[in-house]
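Shared between the two complexes below is chain A, which pairs with chain B and chain C, respectively.
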Partner chain A sequence: MFPLVYSLWLSFTDVNLLRTTGPALELGGLRIPLYRWIGAKNYTQVLWDPIYWDSLWRTLYFVGAFVAEATLVGLGMALVLNERFPGRPLMRSLLLVPWSLSRIVVGLLWIGILDFEFGALNGLLLRSGLVNGAIAFFKDGWSALNILVSVYMWNQAPFVTLLFLAGMQSIPEDHYAAAEVDGAGYWGRLWYVTLPALRPIIFLVLVLATVNGFLMLDLIYILTMGGPSYDTTTVSWHGFKTTFTFFKFGPGTAILYTLTALCLLLAFIYHRLILARFEPDA
Partner chain B sequence: MAGARRYRGSNYRARSAGNRIVLYATIAAVALWLIAPFVWLFVTSVSYQRNLLARPFSLIPPEVTFENYRMILGLVRFHAEAQAGRILGGMWNSLVVAVVVTAVNLVVGTTAGYAYARFRFPLKTFSLFALLFTRMLPTVVLIPAFFLMFRALGLQNTLTGLVLAYCSFTLPFTVWIMKSYFETIPTELDKSALVDGCNRFQAYYRVVLPVSGPGLVAGGAFTFMLCWNEFVVAQVLNTKPGTTTLPPVIAGMNGQVNIDYSVIAASGFLGALPAVILVLMFQKYMVQGLTAGSVKG
Partner chain C sequence: MTTIDRRTFLGAAGLSAAAAVLGEGPFRTAGADKPINFSGWVFKPDTVKDYVDFYNKKHGGQVKYEAVPWATYHPTMETRAMAGEVVDVMYCNSANRERWVDNGLIRALDDLPGMDELKKKIAPASLDSIKSKDGSKTVALPYFNSLFILIYNEPMLQQAGIKAPAKSWDELMEHSAKLKRDKISDTPYLPNWNNSGSGTMPQFLSDCFSEGANVFDAKNRLVVDQEPGAAKAMERWQKAYKDGLVNPEVLTKTSSTDTHRLFWTGRYAYHTNHSYYLKTIAGEPENSKLAPKKAKMAMYPGNGTTHMFTEFYTLNSKTKNLEDAWKFMKFLGGNLNGDWHVQRQWCLIAGLDNPYPEMYDHPEVIQSYDRWVDLKLLREQYKKGKTIAAFKEPWYSEYDSKAIAIVHNIIRGASTVPKGLKELVALQRSVA
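Right, the complex of A and B next:
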C-alpha cells in the first residue's frame, strides 16, 4: 500500500529529481524524498491543458470501442466453443496463444502484418489487385487508433472467452430444458437463459476490460508512440510521457490519478447497473 | 442423463447440413484469426528481409533461413550485433526475475491464501478489501512512486528492484487465486490432520498443500507468464543496458532503423516461446484456477 499513498502524495508536490535536500522520509538510514507540498497546483495545471482533454475523449472512445469489441467477440467465440464439435480441445489451446504473448510481441507480429513496406496484408491486397498502392495503416490517426483497439482486442478477447465458457458450463441443463418446453429456439435460449445467467461474469468482464483499456501502454509504445501527432495519445500514455519522457513527476502522477478515479467510478457504476439492480430476484 | 445433454447449444449430430457448414466456417475463421498472426511471425523470422519486401508477395517464403536466429544468438557477426546481442542477456534477466517472483509468490502467496481461507484474524475483512482494491487499481499510478523510491534506495537498474516491484503487483492476485482454491478443499481434511497430531502448520504443508497441485500450478504459471511478458515497469526502472528484461530489449530493437524486421521477428518468436509453451502445458489447471478465482471475486 505504501507506493500507492506515496504516489498520491507525489501528485501534490513539486518533484525535482536534481534536488537532494529538503524533507524526506527516513527509514533506517535510507532517505525517501518527500518534496514540497504545492496543493492542487499539479491538478489545475493538468486540467487546463487542452492535450489532457483531447486525450481524455480519445481514451473514452478507445475504452468504449475496446470493451464493446472484446465483450462481443469474446462472447461470440465462447458461444462457438460451447458447441460440441471434433477438435474442440485443440481450439481451446489455440485460444490461449494470443493471450499468453507479451504485448510487445503482439505489437511486433501485427507490425509484420500491417506494415507499409513489408506487411503481409498489404502484400496480399496488392497481389489480389484490390488496391493499387500499399496502405499506410498507421499514417492516419483515426485508422491507427482503431487498429490499436483491434490489436488489443485480439490479445484480450480470448481471456474474456475463457471466463464466459466457465460461466456457460455452470448453467444447469434443466434451465435449457425448461426454455425448450416453453418454445424457445436457439436465440431465445441465448437471450432468456444464457445471458441472464452470465450476468456476474458480464460484470466482471466489463470491469476488467474497462480497467485494462484505460491502462494500456505497451501496445501504444510499440505500435504508434502516441502518434501521428497526438492522434493515439490516451490519458495513460499522456501521463506516462509527462512522467518519464519529460520527468514532470508531479503533473504526471496527477494525470494518472485522475485516471484511477475514473476507473473506480466506472467500476462503481457498473456495479450499480448490472449487479445491484438484479440482486433481489437473482 | 444422456437426453439432457442435448440442450446445451445444439447437438452436432442433429444439426442440419446448413447449420453445420456455418458452424465449421465460423470455427475455421476463428482458428485462423487466433493463430495466423503468430504463425506469420515465425514465417518472417525464418525469411530474408528481401523476400518480405518482394512484390508480388508470397505467403510461402521462397527461401528458408535460420540466419536471423544465429544473429541474435551471437553466432554470426553482423552490423547490429551489439543490439541483437542483448537478447540473450535479456532472456536470462527475464528468467531470473520470473523464477524468483514465482517462487516468492508460491511461498508467501499460498501461505497467506491459506490463512485467509481458514482463519479469522483482526482486520481480515479490511485487508481482503485492500487486496481487491489493489487488484482493481491501475498499476501505472504506482510506477512513478516505484521509480522515485528505488532511485532513493539504489534499487534502480537492479534485478532485486524488479523482483520487488513485480511481487507487489502479483502477490494480491496469487493470494486471491489461492484463497479461492483453498476454499474448495474441505476443512475436514485439516481437522483430521489436527486430530492425528499435526500442528496447524504441519496440517498445511503436509496435508493441504499436497492436494493443492492444480491451484499451485495455476498461480505459479500465471505469475511466471506475467513477469516474463511485463514491459512498462522494466522499461522504466531498468534503463541501463544489460540490466533489463527481454520485452524492453525487443522494443528497443524495434526502434532501430538499421535492424531488419526479420531479425526482430526472430527475437520476438524466441521470447514468446517460453510463455506460450508454459501456458499450453498447464492450460487445464490455469483455466480452472483463473476462472475459479475471478468468477468468485
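Right, the complex of A and C next:
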C-alpha cells in the first residue's frame, strides 16, 4: 500500500530526487523525502500538453483494438481446445509458449519476422514471388501501431484462452444437454449456454486486458521507441519518457495516474455492462 | 606448552576462512581500508571487470564494480543518492551530467592532485566538455570520445564504377541514386536516424555542422530556423527518404547499435554513425560481410565538420574515501598506470576513442586501429570535431528527445523544412 500512496503523493509534488532536504517521513530508519507540495500543477501541466492528448487517443485505439483482438482470438482458441481431438493435450501445452516468453524476447522474435532488411516474412514473400520488394512494416506509424497491437495480442491471447477454457470446463454438461433437447445447434449452445455462463470470465478478461493494454511499455521499447515521430507513443510510453528520460518525476507520475483513473473507470463500466444483472448458479 | 582445545581451533579456523573469503586474507595486496563503489551502465561489463581486477591487484584497491542497465542507469544512480547510498565513482552521460553538478551529487576535481597535468594532456575541445556550464570547474574525466564519421562500402562503389567516395553531400546523393538505378542496392544510404538519443539528433547536429550551420548560438538558444545550412541538410534528408535511398525502417530502429548492424550485410554503400562502430563493421569478419576493411572511412562530406561528444566518469561529492576514489578515477579516466591502461583497453576492444592525443602514439593502438580504420584520417576527422555547450543546459535532454519526432516528421515530409525548423526552435524555447 505504501508505494501506491507515496507515488500518488509524488504526483502532487515538485520531485527532484537529488534534492531531498525538507519534510520527510522516517520509516524503519529510512528517510523518505516528501518534497514540496504543488497541488494539481503536475496534472494541469499534463492536461495542457498536446502530446499527452495525442498519446491518449492513440492509447484508447491501442487498448480497444488489443482488447477486442485478444478476447476474440482467446475465445476462439478456447472453443477449439475445449473440443475433443487427437493431440489436444499437446496443443494446450504449446498454447502457453507465447505467453510464457519474456516480452523482450517476444519483441526480438517479431523483429526477426517483420524486419525490412532481414525479416523472415519478407524473405518468404520475396522468394514466393508474392511481392517485388521488401515491405517496410514499421515505416508508417499506423501500420507500426497495428503491429504492436497484434504482437501484444499474440503474446497475451493464450492467457485469455486459459481463462476461457477454465470457465468452459466449469459449465455443467446438463446445460448443454438441456439446450440440445430444446433443439439448439452448435451456435445456439454457444450463444445461449456458453457465453452467458462465461460472463464473470469475460468481465475478468476485459479488465485484465484493458489494464495490460494501458500499461504496455516493453514492446514499444523493443520495437519502435514510440516512433516514427510520435506515431506509436502511448500514454504509458509518454509517462515513462517524462519520468526516466526528462527526470520529471512529478509530471511523470501524474501522467501514469491518469491511466490508473481510466482503468478504474473502465472496470466500473465493464462491471455495469456485464455483471450487474448476472446471477450465478446456486 | 600451550594447548588448543577443539572449540578454539574451530573458531580460529572459521575466522581465518571467513577472512580469506571476504578479504582474500593473507594473499591480498596491502591496500585501501575502505572499498570504493563503482557503477557504470552495461557496456562490455567483462572488460570493465577485468581492468577493475587489474587495478585491485596492481594498485592495491578495493573497488567493487556494478553494472546497471543503460535504460535505468541514471534514475538508479539518483534514487540511490536519494536513499543515502554513496557510489563513489560513476559513469555519467552528457545529457545528465550538469544536473548532477547543480544538485551537488558530484564534485569538482580541480583541487585534486594531478588534475592540472591531466588537463594539459586533453584535446582543447574535449576539455571544454569536462568543464561545468560556467567553465569555472572541471567536473568529470573522459570515459570516451566519439564523433560522427562517413563509412563507405568499397566493393559496392567499385562494382558501380565509382572511383572515390563522395566528398560532398550532392555527390553522395548522386552515387546513391546511381546505385539504386543500377539495382546494385535498394537503399544505398544508411543514415543514423534511429529513435534513440544517440541517433537522429547527433546526426542532425553533424549534418548541420557539415553544411556550415550553427545549431545553437552563444547563449545555447537553438537558431536552426535562421541557418540556411540546416535547411539544406533537412531538404537533403527529405529527398533521400522520398527517393527511397534510405531504409525506411531506420526511423524505428531503437539504437545506433541496431542501425550499424544493418551495414554488416554489405547491402548499403554509405553509412553515417559514431566512429567506434566502424570497428565491428570493418574489423569483425565473424559478424560483418564488410570485414576485413572492405568498409572504409572517408572525411565527412561538406566542410568536414561533424558532431563530437564525450561521456564521463564522475566523482561523488559525498565519498568518504576521497583519496582512493580519486586514485581509481585517475586510473579510469587518466593515466595512473603510466600506459593508458583503461583508455587503451577501450581503444583495442571497442574502438572507443579518448581525448588524449598522445595515446595514439602507442604502438599497440596503432597496430590495432590498422585492422579496421585509417588512424591518420580518423585523427584528422577529430580535428574537425565540433562539440556543443548546450548539453550542459538543464533542458537539453528533454529538448533532444522531443526533437526527434519533429525531425522525423521533416524527413517523412509530414512537415515542410521551414515549418519543422520553426517547430524545433519553438520546442527549445518551450522547455528552456
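List of remarks:
Simple rule for what comes next: the second predicted complex is superposed on the first by the 274 of 282 C-alpha atoms of A that agree within 3 Å, B and C clash if a C-alpha of one lies under 4 Å from a C-alpha of the other, contacts with A are read in each partner's own complex, and residues count from 1 in each chain.
The working rule: a contact is a pair of C-beta atoms (placed from the backbone, for glycine too) under 8 Å apart; a residue touches a chain by one contact, two chains touch by 3 or more.
Values in this document were obtained by computation on a predicted structure and should not be read as measured data.
In the three-chain model built by superposing on chain A, chain B clashes with chain C. By the touch criterion stated above, A:260 is placed in contact with chain B alone, chain C being left untouched. In the superposed model, A:200 lies in contact with chain B only, and not with chain C. Looking at the shared chain after the overlay, A:146 reaches neither chain B nor chain C.
By the touch criterion defined above, A:133 reaches chain C but does not reach chain B. After overlaying the two complexes on the shared chain, residue contacts for A:116 are found with chain C alone; chain B is out of touch.
For chain A, the partner with contacts to more residues, out of chain B and chain C, is B. After overlaying the two complexes on the shared chain, residue contacts for A:82 are found with chain B alone; chain C is out of touch.
Of the two partner chains placed around the shared chain by superposition, chain B is the only one that A:214 touches, whereas chain C remains out of contact. In the superposed model, A:222 lies in contact with both chain B and chain C. Of the two partner chains, both chain B and chain C are touched by A:244. Clashing C-alpha atoms between chain B and chain C appear in just one of the listed stretches 115-123, 151-159 or 277-285, and that stretch is 151-159.
Residues 17, 30-31, 33, 115, 117-118, 221-222, 243-244 of chain A lie at the contact with chain B in one complex and at the contact with chain C in the other.
Looking at the complex, you find that chain B touches chain A at residues 4-5, 7-12, 23-24, 26-27, 30-31, 33-35, 37-38, 40-41, 44, 49, 52-53, 55-59, 130, 134, 136-149, 151-153, 168, 225, 228-232, 235-236, 246-248, 250-251, 254, 261, 264-265, 268-269, 271-272, 275-276, 278-280, 283, 286-287, 290-292, 294-295, 297.
Residue ranges on chain C touching chain A, taken from their complex, read 71-72, 74-75, 78-79, 81-84, 96, 99-100, 103-105, 186, 194-197, 247-249, 251-252, 254, 262, 265, 267, 397-398, 401-402, 404-406, 408-409, 412, 414. The touching residues of chain A, when paired with chain C in their complex, are 16-20, 30-31, 33, 51, 115-118, 133-134, 136-139, 144, 221-230, 232-233, 241, 243-248. Residues 1, 3-4, 6-7, 10, 15, 17, 24, 30-33, 77, 79-80, 82-85, 87, 91-105, 108-113, 115, 117-118, 120, 122-124, 126-127, 154, 158, 162-163, 166-167, 173-174, 176-177, 180, 186, 189, 200-201, 204, 207-208, 211, 214-215, 217-218, 221-222, 236, 239-240, 243-244, 249, 252-253, 256-257, 259-260, 263-264, 267 of chain A are the ones touching chain B in the complex.
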